[in-house]
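Below is a structure I'd like to ask you about.
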Amino acid sequence: MSAARKKHNTEDYLRMYKQMVRIRAFEDKANQLYLSAKMPGLTHMYSGQEAVAVGICEALTDEDRITSTHRGHGHCVAKGANFREMFCELLGKEEGYCRGKGGSMHIADQANGNLGANAIVGGSMGIATGAALSAKRLGKDFVTVCFFGDGATAQGLWYEVMNMAALWKLPVIYACENNGYSEYTKTDEIAAGSLVKRAEAFGIEAFQVDGQDVLAVNELTSRLAGRCRKGEGPFFIELDTYRYHGHHVGDINRDYYRTKEEEAEWKDIRDPITNFGKSLIDQKMFTAEELVAIDNDIAADAEAAVDYALKAPYPDGSEVDMHVFAGVDHALDYLRGAR
Amino acid sequence: MSAARKKHNTEDYLRMYKQMVRIRAFEDKANQLYLSAKMPGLTHMYSGQEAVAVGICEALTDEDRITSTHRGHGHCVAKGANFREMFCELLGKEEGYCRGKGGSMHIADQANGNLGANAIVGGSMGIATGAALSAKRLGKDFVTVCFFGDGATAQGLWYEVMNMAALWKLPVIYACENNGYSEYTKTDEIAAGSLVKRAEAFGIEAFQVDGQDVLAVNELTSRLAGRCRKGEGPFFIELDTYRYHGHHVGDINRDYYRTKEEEAEWKDIRDPITNFGKSLIDQKMFTAEELVAIDNDIAADAEAAVDYALKAPYPDGSEVDMHVFAGVDHALDYLRGAR
Amino acid sequence: MTREITLSKAVNEAIAEEMRRDPTIFLLGEDVAEAGTPFKVLSGLVEEFGTERIIDTPISEPGFMGMAVGAAMTGSRPIVDLMFGDFLYLVMDQLCNQAAKTHYMSGGKLKVPLVLRTNMGATRRSAAQHSQSLQAIVAHIPGLKVAMPSSAYEAKGLLKTAIRDDNPVVIFEDKLMYQDKAPVPEEEYLIPFGQANIKREGRDVTLVATSSMVQVAEEAAETLAREGISAEVIDPRTIVPLDEQTIIDSVRKTSRAIVIDEGHQSYGVTAEIAARISEKAFYHLDAPVIRMGAMDVPVPFSPALEDLTVPTSEGVAENARRICRGELVHAA
Amino acid sequence: MTREITLSKAVNEAIAEEMRRDPTIFLLGEDVAEAGTPFKVLSGLVEEFGTERIIDTPISEPGFMGMAVGAAMTGSRPIVDLMFGDFLYLVMDQLCNQAAKTHYMSGGKLKVPLVLRTNMGATRRSAAQHSQSLQAIVAHIPGLKVAMPSSAYEAKGLLKTAIRDDNPVVIFEDKLMYQDKAPVPEEEYLIPFGQANIKREGRDVTLVATSSMVQVAEEAAETLAREGISAEVIDPRTIVPLDEQTIIDSVRKTSRAIVIDEGHQSYGVTAEIAARISEKAFYHLDAPVIRMGAMDVPVPFSPALEDLTVPTSEGVAENARRICRGELVHAA
């Protein structure tokens, strides 16, 4: 552990640990909800990638914005969301962050600067860059982080907005979570050349970092966020990581596109939570027992939130045409010309 | 003049010279048609960029394909089109290459492998790459050249298709005519980083060449087309060039975005036709008189073609709903359910 | 010989048969090869045709759509697999500015024989960006043909016709019907475009329904039959071209019509069909044509809300009863 | 005080006034600053507001449209300048999957107050990719409001309302009308959405017309008046929301209706309006509603062909005569 890392105090480390465990706990419950047919639709698990979301979001303020993806629960938790409102959203309940209208693929704790998960791969790249333009134009201090996967780098939109971000020096960080796959296809088969070079070709400073090392991610992001605030953005980070589950919860038989050995290796040797926990113990910041207690508390929280959400009411049918337009109670009346 | 260049024989040189002069003559007439209000709509002049279209197209076979742009007359002439059908098209006459349905922005001598000018900036990048995929899949030998401007590099589509072209080693050459401007905006203001590096980031071999030197363009293209046929594509070429006229024929007062001195410099010092003509005379391949005679012949051809086109008939009104669907005589009957 | 197969299998067979027949056909899209698409519709094709003809693409919808246009212009007959109909927005330029207009703009010189296969349909709890039924916006663009199969039988016959067509064809499969079975002949058959199918004859009211709404209409017709109301169910099968005559003839007979489509109601498919009926069967109509589209709201995730947004057989039956009783029913 | 100004100037004034009032507004698009757009609509704005607020973008329509969405979600009120309506296809994903749905998907938490200004209109000899009138496809998407100004007066009042609206609004200016003058008050005014304007009162037939088709309808009405036919001309001004009531009330009075819009006819705006009239004025209609949209063909370049594709005042007048004479007129 480098000298720089030592500057982090115990509290920071504890919060990072907890946030990673909270993501894992959330996903375990979400998966169970799916397997027990209690969750409507499908969902994409973030487990394995926790150090990315937490390392980055812990370097941000509440005012800083993020845009998230179809695999967005981790970002949502890391940016400060509560379990209750998240599970309620996952189950389509009224108390969900989006009043049940968004579900897993649009989940976001908007009040904490999460501009939304997005079901269009790459769909949030413009939004993130626009948020950064907004910050610059309005003279606000916030930085925006745009999360996306390796697969999303194939979307032309990225190049368009990188160009503008670079031309106008916008405070945006493009964070590519390279988990090696887009759906059932290996990254190598769908990405020519080098991702880092693609960003550099636009004159954007680019970095590669171990996405399983929460401190490394956190330090880099802190540094870049600070530089963004000084007008030195934009930046690109490629984070090497891995998703433990299938592409979505229903993707159970994965042998045809990746081996059990590969999965085991990442889980056994590179797990971000286990490794970070070990280092905390090694450094005698916490005992193994303390961490287990933390894990258990969080698991209990998740359990309670799930119970709550399962019992929570669905939105009333009358909500169906609410929120179509801001400032309009019910869209159908409005569309018929009622003034 | 290098040894390699000497290998070209007189005939080749003459054809290149003639083709450049033909483009210039065509554009002069088109401009006159506009100024005398005889041409419907607007048009974008190619004058100044002749060495690009001719250098490239003279390296291609009739089977090879090109895709063209809104500034497409040059590509069309260079790929082998006749003045008559071109002027007829410009004037919306039945004998035009597109039976008057396309006009300046969609002009193409389809039989010679021109897949069309395109009024959507960047719109033909997919088409060109798809043509290359087609060649590869069908086991055909043809190469496709995708012409586009510097401004078009801001379209995300390019990055998407470069990625696939690189992954699948497609026989396509992306030819960026960098004339320094997109409409009324300097390239520097809308392009961050480096165009060449953008292509290289996808693992694509990239080249920069003087777009005013027809032989340099021709040699490079010949070499790359040959390599494409051997499965070594795709390639990217950035060609430095200049448009003499405004963005379109109506763009007369250009002072607010570029200086008269800049225009004069390109015209006086770097004109592709004058310079190539001089070198032909210097090498004693042709006399000045011979070249003047050629110029005059071509001017007369253009004049005659304009006269012809002005007198040619418009398509009959009944053509308006023809060619909407292949295999359907009249779309309106068909859409009403007539079988 | 006829057996029952799923819609998914029907699509798969159509593609396989056509690819065997014509080596210029290839298919491209995301996760179409080994994975056979997330819906497993294409399973097995890569094994037979190889990765040269069943091509996995990066997540570049505009890119591969554009490439299909170029391939179609140069002797290939590409089939594009667009994983969700909601991604149509991403390919609109290549589809509507390029594919749809090339034949016309070239004065008939260049052809674009391609098929864009995509899907539609809500109630899968997939929220607003994975549930849309966008047939209306495609149907509005001259130069595109648009097919909406209502069962495995139509899915196979229409897709084979689409693949052989020399024009760009967009075909919408309802993703909720992939596992639905229907009788499909073993022998080769094609279903011509622009020929509506009278799924059920009736006297009192005409139900014009597209895609899975045909099932909804048939269920309603079943219920209504028990109550003594005789409903005719018509499946246009293609909305471009639209077989106006069959629809108009039916309404002239029944004097009443309900049009059902899963796209949003306003400025949607029901508007066009209702407008044509109102115009051309004007003197035969006993009541206004009733339109039943999806509610004009983005598709909500919550099951409690989502189910309210799509037409149901009970809704259709109730509207039919009211119209047959002579009550004036305004569209929702 | 009222003076005559061009539609172009009206748009310019609306933007300038709103930008002076609200510093969170900025405008972005291609060649909008020094060049003031190819149509010179924005001339002078960059001089007043600087390049920080009048922002020249690269040719990246999806990119800057997406950026506008993100900016709108974070306290800015962007105005997007889309040089030609035909480029809508390029921004559909950001407009329809993102901007239109964000407020709903977030359960009302995130707002997207943005204006997309673009244009429409054929007969400029600009061929198939620079002449489309694509209002119908945007109007079909829940979450978007759609305005279609018919003169300088509407252009200013509707645009100011659009800029203050907390939702994404798409506004279509007819590019052939930029130099047309109309009386516009010096004083500030706004035109509320969803309020149709009765441009001319009449008894015999209702002409519902959008954008420049209002002029076409008024010309026809003028001609008809000389022949003793009294036509009422209605300009909906916004097609989402649509002021159904004013239209229906008019048709209940006149018993006849012609709907005119420059978008393609099939699956277009005329279908929706005709369907609503046919439904809600059913018992008052003496004849089928006549629809006059642009011909269902890509817009041809040749003047000899292009002029055949759009509705004309002679065409409207002729249809009105026939419908008033009691002849049944089928839509073309």
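For reference, chains read A, B, C and D in written order, and residue numbers begin at 1 within each chain.
By our rule, contacts are C-beta pairs under 8 Å (C-beta built on N, C-alpha and C of every residue); 3 or more make two chains touch, one makes a residue touch a chain.
Bear in mind the structure is a predicted one, so any value in this text is a computation, not a measurement.
K.L.:
Does A-D or A-C have more contacting C-beta pairs?
P.N.:
Top pair by contacting C-beta pairs is A-D.
K.L.:
Centre to centre, using CA atoms, which chain is the farthest one from chain B?
P.N.:
Greatest centre separation from chain B goes to chain A.
K.L.:
Starting from the mean Cα coordinates of chain A and chain D, work out the distance between those two points in Å.
P.N.:
Those two chain centres are 40 Å apart.
K.L.:
Can you compute the centre-to-centre distance for chain A and chain B, using the mean CA position of each chain? Integer Å is fine.
P.N.:
46
K.L.:
Distance from the CA centroid of chain A to that of chain C, rounded to the nearest Å?
P.N.:
Chain A and chain C have C-alpha centres separated by 36 Å.
K.L.:
With chain centres defined as C-alpha means, what is the inter-centre distance between chain C and chain D in Å?
P.N.:
30
K.L.:
When you check chain D against every other chain, which residues touch at least two of them?
P.N.:
Only 57-58, 60, 62-63, 86-87, 90, 93, 97, 104-105, 127-129, 142-143, 240, 266, 296-298, 300 qualify.
K.L.:
Mind pulling the residue numbers of chain B that touch at least two other chains?
P.N.:
Touching at least two other chains: 98-102, 106, 118, 120, 123, 154-157, 160, 163, 167, 189-191, 324, 331, 335.
K.L.:
In the complex, go through chain A and note every residue touching chain C.
P.N.:
Interface residues on the chain A side: 40-42, 92-93, 98-106, 118-123, 151-152, 154-156, 182-185, 189-191, 256-257, 314-315, 317, 319-321, 324, 331-332, 335.
K.L.:
Considering only the defined contacts, which chain C positions touch chain A in the complex?
P.N.:
30-31, 34-35, 38, 56-60, 62-63, 86-87, 90, 124-130, 266, 295-298, 300-305, 308-309, 332
K.L.:
Residues of chain C touching chain B in their complex?
P.N.:
By the definition above, chain C touches chain B via 24, 26, 52-53, 57-58, 60, 62-76, 78, 93-94, 97-98, 102-111, 113, 142-143, 145, 165-167, 192, 194-195, 240-246.
K.L.:
Over in the complex, which chain C residues touch chain D? Could you list them?
P.N.:
That would be residues 86-90, 92-93, 95-97, 100-101, 104-105, 127-129, 136-137, 139-143, 239-240, 263-264, 266-272, 274-276, 278-280, 282-283, 285, 287-291, 296-298, 300, 328, 330-331 of chain C.
K.L.:
Within their complex, state which residues of chain A touch chain B.
P.N.:
By the definition above, chain A touches chain B via 154-160, 162-163, 166-167, 189-194, 197-198, 200-204.
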